[in-house]
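Attaching a single structure in structure tokens format; questions to follow.
In this document, chain identifiers A, B, C and D correspond to the written order of the chains, with residue numbering beginning at 1 in each.
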Amino acid sequence: MSVSNLLQNWSTFRHEHPINDKPHAEIKWAMTIDLDTCIGCNACSVACYAENNLPVVGKEKYAHGQSMHWIRIERYWGETEVKEEYDPNSNFDMVQQDFQADQGAQFLPMLCQQCEAAPCETVCPVGATNHTEDGLNSQIYNRCIGSRYCSANCPFKVRYFNWWNYPEQENAWPEPLPLQLNPDLTVRTKGVMEKCTFCKQRTYTARNNARSEGRPVHDGDVQTACQQSCPTNAISFGNLVDPEARVAKQWEQQQVDLAKEKQEKDEKADNKLRGYRILEELRPYPSIMYLERVRESAV
Amino acid sequence: MHRFLRLSILLVGMFFAVGSYATDTAPPITTEDDLGPQVEQPIEFPHNRHAGLHDPADDADPSKPAKGGMEINCMYCHTYARRSMVAGIPPLRKCIGCHQSIESVKETPRIKKLFEYWEAKKAIPWKKVHDLPDFVRFNHERHVQRFVFQQNRPVQEACGYCHGDIKTMTVARRQKPLTMGWCASCHQKDHLVSASSSETSHGPNDCFTCHK
Amino acid sequence: MIENGFDETTSHSAKPQSEGQAAGYNRRDFLKTLGWGGTAVALSGCGNTSIENGKETVVSYVEPTDYQIPSIGVYYNSTCAQCDAGCNIMGRVREGRVLKLEGNPNSPVNRGKLCGLGQAGVQAHYNPDRVRQPLLKGEAITWDKALGLIAEKLNGVKGEEVAFLTGTMSGHVRALLGNYMDALGSKNHFVYEAVSPAVERAANKKMYGVSMPRYRIDKAKVVLSFGADFLGAWISPVNFSQQYAQFRKGSRPEGRGVLVQIEPKMSLTGANADRWIAARPGTEGMLALALINALGTAGLSIPTDVTAVVKDYTPERVSLDTGVSFEQINRLAKLLKERSPSLILAGGAAEGYAHGTQNAMAIALLNHVLGNVGKTVEAAAGVPFPQIAPIPGSRSALTALGNGLASGKYKVVFTYGANPVYSAPAVSKFSENFSKAGFKVAFAQYLDETALAADLVLPLDSAMEEWATEVPEYMAAPEGNVGYAQLSVRQPLMGRLYPDTRGAGDILLALLKQRKADEYKGFEDFYAYLQSAIMKNKAALGGADCADDKFWNDTLGSAILPLKGVAGSISAKPAIAGFALPAPVTADASYPLRLIPSISHSMRDGRNANEPWLQESPDPMTTIVWDSWVEIHPKTAAQLGIREGDIVEVTSKSGSIKSQAYLFPGIHPDAVSVPMGYGHQAMGRYAKGVGANVFAMLDPVYDKETGELAYHETSVKISKTGERIIIVKEEGPARGSQVGRKKIAVKVSADKVDLSKEV
Amino acid sequence: MGKDIREDIAWAQINNDVLKSLENPRKLYWVILFAAMLVFSVGVGCEIYQYNVGLGAANMDNPHMWGLYIATFIFWIGMSHSGTLLSAILHLMHADWRKPIYRFAEAMTTFSLMTAGLFVMVHLGRLWQFYYAVPYPSERWTWPNFQSPLLWDAMAIFTYLSSSVIFLYIGSIPDFAIARDNIHPGWRKKLYSILALGWEGTDRQWRNFRVTYLTVACFLIPLAVSVHSIVASDFAMSQQPGWHVTSFPPYFVAGALYSGCAAIITLFIILRYVFKFEEYMTLPILKKTVRLTFAIAMVWTYLNCIEFTATWYSHDQVAKDVLIQKATGPYAPFFWGMIFCGSVVPFAMMVKKWQTSIPVMFAVSLLLNVGMWLERWMIVAPTYSHGYYPWTWDHNQWPSLIQWGIVFGSFGWFTLLFMVFCKIVPSVSMYEVKEMVYHRSLAKKKEELGLEGGH
């Protein structure tokens, strides 16, 4: 058994990705984020704090880059040509003079892309991050030994490490704030990596309920916390395998194929498709499709 | 040289033999005389009286205190087990519901205590006996659905996989190891999907299903 | 791993959509039967934890409840109290604890969505810094003693010597307060909001005949917003965000809408605009009138009375005054003419001037000219019960109270839901005047600045513990139901955390019993009062054919009572007198810059500053956390030699603050901006000492017509202190590099993409 | 130029000289030992603190997930290569000049591996769970992830460590016997009689000894190469700009040999001074070592150039940006420091006069080591600060004092081990020196007799 398990490590836990020979049979969770409707209000981020027991780290630790937001909102300025603003001689200054604000700014929510061929998965020495059969990039907190190799290899840098013992030593939840903690998932302690799970506890519940009722999971059975809070419905989430799911329709319409690192789109100059995936060329096969922001040029 | 070779083959062989023995054997399950650690409960609830097998000798003379049990279904009290992650402890009202009409034992110290709680409208602070670490998600609903409702196994047998022979205990004690290897050893086996079909499947081996 | 303590923690939630269908139970029994012991959460050690026996206690109930299954979250509906928009929420409750707040999908206000501010409501509830007992000058006392003390102090005090300061109030607590004021014989109820659309209400009243019309962003083809941050912090942001999502949809019959934002400091709405125009601060009204002229030139028929009024504001002249190019004005006029209906909004940035009402009226006139009134500006219905209708707050109320306090007129002052000691400008000397009152009672959840200045502090329930009703001032409606109005119910989502806190309604009831014992002795508590008040009007509330129990349970189940509203009427013909729009102020050489106190979408007026999620949630535009900042245009900064992170001193005639400089391209070069809501000197561990309080340095300039404090009329100078720090922000010092934006945050021009077929 | 080992040196004198180093520590020894303990305890203190509060104490962040720990880890792994080079490779090549110095070089291998191993541990977020990475059959039915280079790393290091301990021990057996026979009675004598495994010096024992030693030497060489190739795979197998470089394995091996040789020069000079080994650690040996080091320095420089040019002319714009950033950004002083120490300073070794100058070579060897340490840091840190995702760029990260303290402490740990070693194991191989002297005197005699073809 032990040897067979060892071999299993090579075969079943680690299929080649994207799984052509063994596609996700029932469920492949995926997301679409419409950057045109995303207004950058941070409601998703707060929802994530509430749902997933994320610690508030405080000013000092935030300054050290140790914040724990699983979903972060990035703000980009206008696209008018600017020179490389990184000035090596005074790295303190971002030379912002050339930023263009007359078309507003642009926001981009960044969270774990739940890659199909996730760079983080292969490098974990203890196999604490795995691919699940429903297409998630799992993070098993109690297995993690904190080598941080996964984050080192993550192109998006969306894995967050518990640098401190937030629940106990850092007092991130002074009494009675712990009463707010969601019992559906653990509170992570120092030394483990964590990241967005596509609200695993919610997908689990949806699947559990569907199974008890003897039916497949329908579109809309499960909403992630970020999606649920988004005031402009910029986020849609669902099962990519289900052709009726909104996400599947969006991916199809935008001609974005999960298993391709370069999308061949049938589009004309006056009718571009907005769907794209970030850093697709690195072949992690992300499960989040972004829709380009649209700006009116007539005004 | 030969001697060295022989010795090393022996050593390597022993390592593998011991290693594979150690991993292939499931950890020993505690025997009946060693029921596992004792937990002090606010009321010494006698599971054997409620769920234990009926003793025909009791029928003969109803006036004597019964020795056997009443064969109450586990899910009569642990009613959430089939629809929730947790089996749940019955609300106090449930205990009272029966006991207020059972006059024969009303004056026993345990029942008196029970009524004290009821009159004070205080929940009984039961201690957890089967307490998994908080990073583990065990779903009673799925197991009960599969083994009781789909495979039509007797409830006590299905619950007994993990909880042991509760019907013979007074205060419940943990009988099975409840370690990950123990869980996984069952998850790797093929189980019938339902009583009516010969199709089998094994439990999920995906870390994320049980770890949260 | 960490155990988070709650027994039976392994579990799952109910479907997020299944909102509180837990009707059919007695609400108060529910709170009792939970049996959650208020046990501390054992955050025990991590590591190779294995099976434990008998270490934890199992949750068990006394009474079985068929709607409560351990490990399954149940959603209960209530109403958000984090701002005045009155979003309907639902709270996920498990094992007697409220875990998370979400929007109620049946609500026409927020349609199942909730902003970050609203979600942080649980942190207001579980806040470690809440007041837990009645405090008399810092010493804990009993409720009996506290109430007795109030009775004693009120003894022999005339009605006009009592003042009650509150925030915006509506619903049955408002009615009860009204009764109490009547019982005292006092008319001194001051409704104060530090940040409120009071100027706009006045202008709307004049131009549309209603003070708070319903805006239909979702129906407009173009939204031209003069400083209305409707996506961030303006009136009812979640509702407007929902409308905005519709507005941006290519598959809408009107096609994808175009948003143009005119404001000196880029707000969240400005950041999402197709064109953001930084007109010179204060010239927004002029620009609106110039647009009318340009529309006329472009061929739109303009009524002659309007032409007469606007003829002086030619685009050429206004272009010089506003700094917006002539071409841009014409382009906008062309756009507005071609794409109808449009919607013109006036918000805080256009109204915070001495001529703020005039500005807002000029902007509203544009709506009339474009024929939007009735199409995208609708009359909203009001509630049929005037005694529970919202009393909107304003800053002029504080001025009035301040004057009264200064003269020593008031012997007893109550405050509830307002923190004037923090948010009054320093020049108004409010805290000094406040101390002149003989006896000050603060209803407070935190020991904020006002509560500290009060003699007696009465601890309030959180919004997750109290009973109340609320009528939103901005009345959103379901599609096609113009006459809709609603009464929202706020109900406890869990038992009290601390036994000695009380709901505002309970306190008012207790105070009323001191005055009119006979009339109110039938009501054990505010819950009883509320129930009887609603049941009395069951028929009017749509429950005529419904059994009492069912009606009450349904009410609590949905927490929304739809009403047949009192239809407002919107006037298609405004009364146009002349406009008195002053030419832009020439810069004062000693105070050359205009200060724009910005309303941060999570801090607002600072009442929520002690909620750590909000402090750690980066400001969307600057991505700064845990501090305030001074936004400066890079060009201005270059002239002054200011670099990012320099600690600068911003000085007005009335005060000064020190904060970190942030170079921000989205601001008019002649303006600097500082967010409100920071710089608390009390309130709690997360708020105290974080940032600087911009309220303190505002000049006492008031809107000529409404008497509102003119927020944007403060001129400042800015100087370096020589200190420099690294700003704590999500961007990081070299983080947030913009290099990646071409590849990562991709943008496409609207004419390159066909949005109409999108899923 | 100093003298080489005398051919006429008496064997008894060799025994005497070397065994003297095992007894009666001089004051200087205690000073060094105490200093080493002090330095080590600083490291231990820092680690205890870090263990208690979490890795945040090291001031790492997102994206700077790895810091000095990994850089220093590679550095120590690199140090270990010299021992194998001198003892195994040169043994196979019959370079007899290695004989007086290989023993301590071999010890250096072992101890630097032990130090490197510490860093693997120190680096872990949950040190107490390190055994999850050990492939053992467990009750949980779980295995580590055999795809992870980090796991290969751990295995390779462990294998290498155990092999080099065995190699060190086997090579010392005859010397333990000499020590047993010559040392004053006492606990040491007992210790050596156990360690000597009943060595009598019979022909059969010598024959078996030679076969075993050769076998282990042959085994060790591929292991040494593989170990650092695998350490290189930690980076090369990842998908980060500046790490994903095909030439990393040979580059790492060259760097390892380089830093190892530099360390040998340093230790050579220190031991020679501290134990007065002038008779054995002669200047000609130093000269040969210096020349070898120079050659490796050039190989390393060459591989460096390959890496840079390959990046420069590749399509990978991001990797190129990282390189530019390294050379011009906040890391520039360290980057150019590395280039200077690693590629410019070695040219001092070309000067013949300096090749045997103890002070110059001591300074040079220290600089080389600094350069090699910087190299490791320059591999780890810049990629983090300038990765694929510009939003997370962070060029301002600086390790905390805790992190520096542990790095600093590791030098104390190494010195401590080494100093203890010097008093227990003869740090000059007596029997091999005797062999060497014997062969040389034989050759000399032959020369004197006018015989041709001495070898």
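One rule holds in what follows: a residue touches a chain if its C-beta (ideal position, glycine included) is under 8 Å from a C-beta of that chain, and two chains touch if they have at least 3 such contacts.
On a predicted model such as this, the values are computed, not experimentally measured, just so you know.
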Compute the shortest path length in steps from chain B to chain C over the network of touching chains. 1
If you check the contacts of chain B and chain D, which chains show up for both? A, C
The chain whose C-alpha centroid lies farthest from that of chain B is chain D
Select the chain whose centre, defined as the mean of its C-alpha atoms, is least distant from the mean of all protein C-alpha atoms. A
I'd like the Å distance between the centres of chain A and chain D, where a centre is the mean of that chain's Cα atoms. 43
List the centre-to-centre spacing of chain A and chain B in whole Å, with centres computed as mean CA coordinates. 39
Which whole number of Å gives the spacing of the CA centres of chain A and chain C? 31
Chain centre separation in whole Å, for chain D relative to chain C (CA means): 65
So which bits of chain C are touching at least two other chains? 1-4, 8-12, 46, 49, 71, 726, 731-739, 741, 744
Using the touch rule from the top of the page, what residues of chain A touch 2 or more other chains? 1-2, 65, 67, 74, 86, 91-92, 141-143, 184, 186, 190, 192, 201, 204, 208, 279
Residue numbers in chain D touching two or more further chains are 126, 129, 137, 141-142, 389, 391-396
Hey, how would you classify the chain contact layout here, line, ring, star, complete or other? complete
Complex interface listing, chain A residues touching chain C: 35-37, 39-43, 45-47, 49-51, 53, 56-59, 62-63, 65, 67, 69, 72-77, 79, 82, 84-86, 91-94, 96-97, 99-108, 141-142, 167-168, 173-184, 186-190, 192, 201-202, 204-206, 208-209, 220-223, 225, 228-234, 246, 249-250, 253, 269-274, 276, 278-279, 290, 292-299
Write out the stretch or stretches of chain C touching chain D in their complex. 46-48, 726, 731-741, 744
Chain C partner contacts - residues on chain D that touch it in the complex: 126, 128-129, 385, 389-396
Could you pull out which chain A residues touch chain D in their complex? 1-2, 5-6, 9-10, 14, 61, 64-67, 74, 86, 88, 91-92, 110, 119, 122-127, 143-149, 151-153, 155-157, 159-165, 169, 190-193, 279, 282
In their shared complex, at which residues does chain B touch chain A? 19-20, 23-24, 83, 133-135, 137, 139, 141-142, 145, 205-209, 211-212
